[in-house]
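In the two complexes below, subunit A is the common chain; its partner is subunit B in one and subunit C in the other.
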Partner chain A sequence: MSAPPEVFFPSINTDWHGHAAKRFAGPFVGVPFDRVDVDPIILPHAAIINGYTLKEFYMRPKLGLASVCWTNELYDLLPVTHWFYSNVWLRELGCKLEFKETLPPVVTGDRPIKNPEDADKLHIPDVSEIEKGPTFSGFVEGYDFVKQYFPNWFVPIHFTFCLTAMAAELTGVDKFMLWTLKQPKICHKLMETVMETSTNGAIALAKRYGFAMMVIGGVLANSDLLQPAKVKEFGMDYHIKHVKKAFKGGAGPQLWYHLCGNHSRDYMIWKDEFFSPFTVMHIGYMGKESFPVSEAKKVYGNMATIMSSVDTKLMYRGTPKEVYDVSKQMILEGKDSPRGFVHGCACEVPAYTPPGNIYAMVKAAREWGKY
Partner chain B sequence: MDRAEILKGLADATVAGDAETTAKLANEALRTGIDAYDAIMGGCAEGMKVVSNKYETGEMYVPEILLSAEAMYAAIDILKPHLKVERAAAQAKVVIGVVEGDIHDIGKNLVRIMLDASGFKMFDLGRDVPVKDMAAKAATEGAQVVAISTLMTTTMPNMKRVVDELKALGVKDKVKVLIGGAPTSEEFAKSIGADAWAKDATAAIKVAEKLAGR
Partner chain C sequence: MVNVVITPTVANLLKERGITEANVKETVDYGESTKDKAVLPAEKLNWAVKRIGAATFAVQYKDSGEVTTAFSYKVALKAITDFVSEDKTDWIYAKTNEQMYRIRADMEYIGVVRAASAWGCKSSPTAFIEEFMAIKTIAIAQMLLEKKKGA
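Presenting the complex of A and B:
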């Protein structure tokens, strides 16, 4: 298949893709293929190693998605592509997004909620309003492009990000944090608003593409910032509602939970999340250290495919030998997890990670992750 | 109420996040002739030390810290105009900010609160602070410490640019650079010529005190 002129990568090797697809399906069908799969969570790194910029990755969905395809073949990673960013659907709720050279899109300027009374003025966009909004059009531009030029790679993904963090962005993080104690009803109102909006976003994508894998994060809801009871109250409880509603509207069935940052004190509570048969559970850190694979396997191994977490600091500043050694240990601990195992990074691989460090993860999987 | 009761009351109300009580006790301190500086350091700051310890042990989290900070500032707002000039002048100065290119400021805000409570004079430049602004502020204020944070690997190189800019301004030997944030490390701090690294807000207090020679 020829590549489109606006994003000029050579066509992807179909033999490689077919092989990678069998490997990718292994954990979810209960039949491991040749080896452990590797997913360093490639996002703008894919654009950067191909000569583009971080900002271009986020501003040009087609480029972002195509560069991930090309990079995944280059490194021998997953046979699916993805493009997403945090703070999704917030423009529909009155926030302004800025695209910067150093960061994924960030909320800037005045927040729509300046005082508690403003919460009553929030309007939750329904599915048809979502379909006309800027966020949806960005996803459609990218996904329609993938369907046309890389159909075998196509998996529509609804990136829920972290509902807590999104609610906090409506008013500013510090204020939201304080309000969890002083104005909890307002915080719940904001949580409800982002949850319903995000659910409508997932349903809109599912309506257009037939299904929508859901990627859900616990980013602000973590053990460095909130006590476990608050992580549940202002995080997980809304995840459950969100997923159930979105599934009823046609989204799913794949789920990927990404618990970003430190979850040393709250990781057990996420057992009450909603799990489909196609769920990946990924926990970033236990304190300052990578979350132990053995603990992830013990707690979540019978409920979900588990994903390991090579420290992103090591990916960025470590040597290939260090990454390889850590990867080997994680793979040996996790490869026999009952519902499968994927070798990954604690969060999105840093954009300027040396390529040799990603290859070190793959090399370890090839040598120590064989089935 | 005697002096000890007022100071203890200020500390306890700070820990409890009770702004109404800290404001009331600040006024009471002034009325009974307690030095404003002593009320801040012996009352509010003592309370924030407890908060800091409780954060470290997982008994308090960010919302609780912010509530305590609100109570502390309610007292400080009343006490500050009464600080004796020589006390204020003796405060070590810290310029703090999130480095150019990054906007994640939860950690920076916690450090600012903790250092404020520890008696430093804080100049908070906010987030996404241009490298030149950070260095220039340190130079013009005669700061003892520049505290820089980032959450992103993409903006870590800008921390080195702050160090380089301080050198270019000829003040690096007078200003100590303290860095922090999730992707940073002691090794990284050394590699860019920073003077110290703090793993979290609690550690930042001890490190800043050492850097400022207190």
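Presenting the complex of A and C:
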């Protein structure tokens, strides 16, 4: 069958893909193959280096997913593709998203929660309502396309983002943070609403595709903004409810916990998260420094596949030599982690990262991450 | 000993899941004879788990012996590694009358060891994997492991 115009790129090299698939499976099946895998969490960077814009990446899911496939072959990364953005599932709760030229989609305009009384008026969309909404439609447009034209790359992903950050967006971050102290019941109401909505999104995706990997962030629930007890109360406790309910609805089994930002005071509490046999634990920073691979291995190495965190500022502003040196150190520390290791960035690689810096991560994996 | 009662609805469920009445009886007998089982007193419900051959069988049944559900999984418990005592369930471990809570256990399948959450307690050698985990999460994980191992 000839590819339609929206496939955008030439066919992916099947030999390369087969090799990458075997390497990708390694950390999860305890049979390391070739070398440490590299996942810089490529999103709009893939569109930009192929001549498209950041805004196009987010507004055209098919293009976004195809460009990640092509870029993964280009850099010798993962055999799976992905497309997602922060602030998902919020349009279903009355927020407006603005797709910007140089930033991921942001919540804009009046927030649905202006005062504490509004929290009771929010309607949680059920699965059938979610299926008619803009977030689900965007994912389906992209995943149906991948399933048809890149079937070997297909892994449907439910992107939870950060439940705490999403609840905060319903009213504004400053107000929400104040309410965690002054009006905690209202914050819990908002958390519950966001959690149930996102869970229904996961169930809807699992219903359509048979399963749905869950990517769950701890972005606002971090040590810069909340005490560890509050990180648990307004972060992890909702993750647990979310994962259990979503799993009951057929989502999973893959879980990727992406703890963005500084988790220096709270990284131990996430041990109590809900785990599936395919869990990845990824912690961004310890203070201002990349989270030490040795500590991730010590605390989480027996529970999950761990992922390293090259500082995203270094990816954007550093030299390839600096990225290579940091990568070498992380790979040497992490490559023998008991349940597998993936070399990554602390968060999504900045869209305008010089390609040479991503190559530096891969080169370090080839030279120091051999199995 | 409890006389196992299997209603037509449960019989269909067992058939769908490839579980025999003998598997059910053996599992219930094990739970009853050893008290290595969980109980939910308010609902007069029991939950027995037994490894038989290459699969683990779990049966939930009333005190009267009527089976309410049964499920199985191929992953084998290797070790209980962590206890999350704050996340409790109403299920009680029968042998010690302890309220159970979330544990993390290493599970092995086709030579691969991965961790997953279940219910249990420090006195229990058994990990009680919930039905949704067994028939959905673990079932798909087993399939993916088979595929990835062959990748």
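As a working rule, the second predicted complex is superposed on the first by the 367 of 371 C-alpha atoms of A that agree within 3 Å, B and C clash if a C-alpha of one lies under 4 Å from a C-alpha of the other, contacts with A are read in each partner's own complex, and residues count from 1 in each chain.
Please note the rule applied: contacts are C-beta pairs under 8 Å (C-beta built on N, C-alpha and C of every residue); 3 or more make two chains touch, one makes a residue touch a chain.
Fair warning: this is a prediction, and the values are worked out from it, not measured in the lab.
Visitor: First (subunit B), second (subunit C), both or neither: which does A:248 touch?
Guide: second
Visitor: Quick one: is A:303 in contact with subunit B, with subunit C, with both, or with neither? Answer first, second, both or neither.
Guide: second
Visitor: Considering only touches as defined above, state whether A:274 meets subunit B (first), subunit C (second), both or neither.
Guide: In the superposition, A:274 touches subunit C alone.
Visitor: So, does A:185 touch the first partner subunit B, the second partner subunit C, both, or neither?
Guide: It touches nothing on subunit B or subunit C.
Visitor: Tell me the contact category for A:22 with respect to subunit B and subunit C: first, second, both or neither.
Guide: A:22 sits against subunit C, while subunit B stays out of touch.
Visitor: Would you sort A:240 into first (subunit B), second (subunit C), both or neither based on which partner it touches?
Guide: second
Visitor: Figure out whether A:102 sits in contact with subunit B (first) or subunit C (second), or with both, or with neither.
Guide: first
Visitor: Pick out the shared contact residues on subunit A: the ones touching subunit B in one complex and subunit C in the other.
Guide: Of subunit A, no residue contacts subunit B in one complex and subunit C in the other.
Visitor: Name, in rising order, each residue of subunit A that touches subunit B in their complex.
Guide: Per the stated touch rule, the residues are 54, 100-103, 106, 108, 173-174, 177-178, 180-182, 223-227, 230, 261, 265, 288, 312-313, 316-317, 350-352.
Visitor: Within the complex, which stretch of subunit B touches subunit A?
Guide: On the subunit B side, the touching residues are 17, 58, 61-64, 66-67, 70, 101-103, 105-106, 109, 152-155, 182-183, 185, 187-188, 199.
Visitor: Quick one: in the complex, what on subunit A touches subunit C?
Guide: Per the stated touch rule, the residues are 21-22, 25, 28-31, 210-211, 240, 244, 247-248, 250, 252-253, 271-272, 274-279, 302-304, 339.
Visitor: If we count contacts the way the header does, which residues on subunit C are in touch with subunit A in the complex?
Guide: So the residues of subunit C touching subunit A come out as 75, 81-82, 84, 86-87, 102, 104, 106-107, 109, 111-117, 132-133, 136-138, 140-141, 144-145, 148-149, 151.
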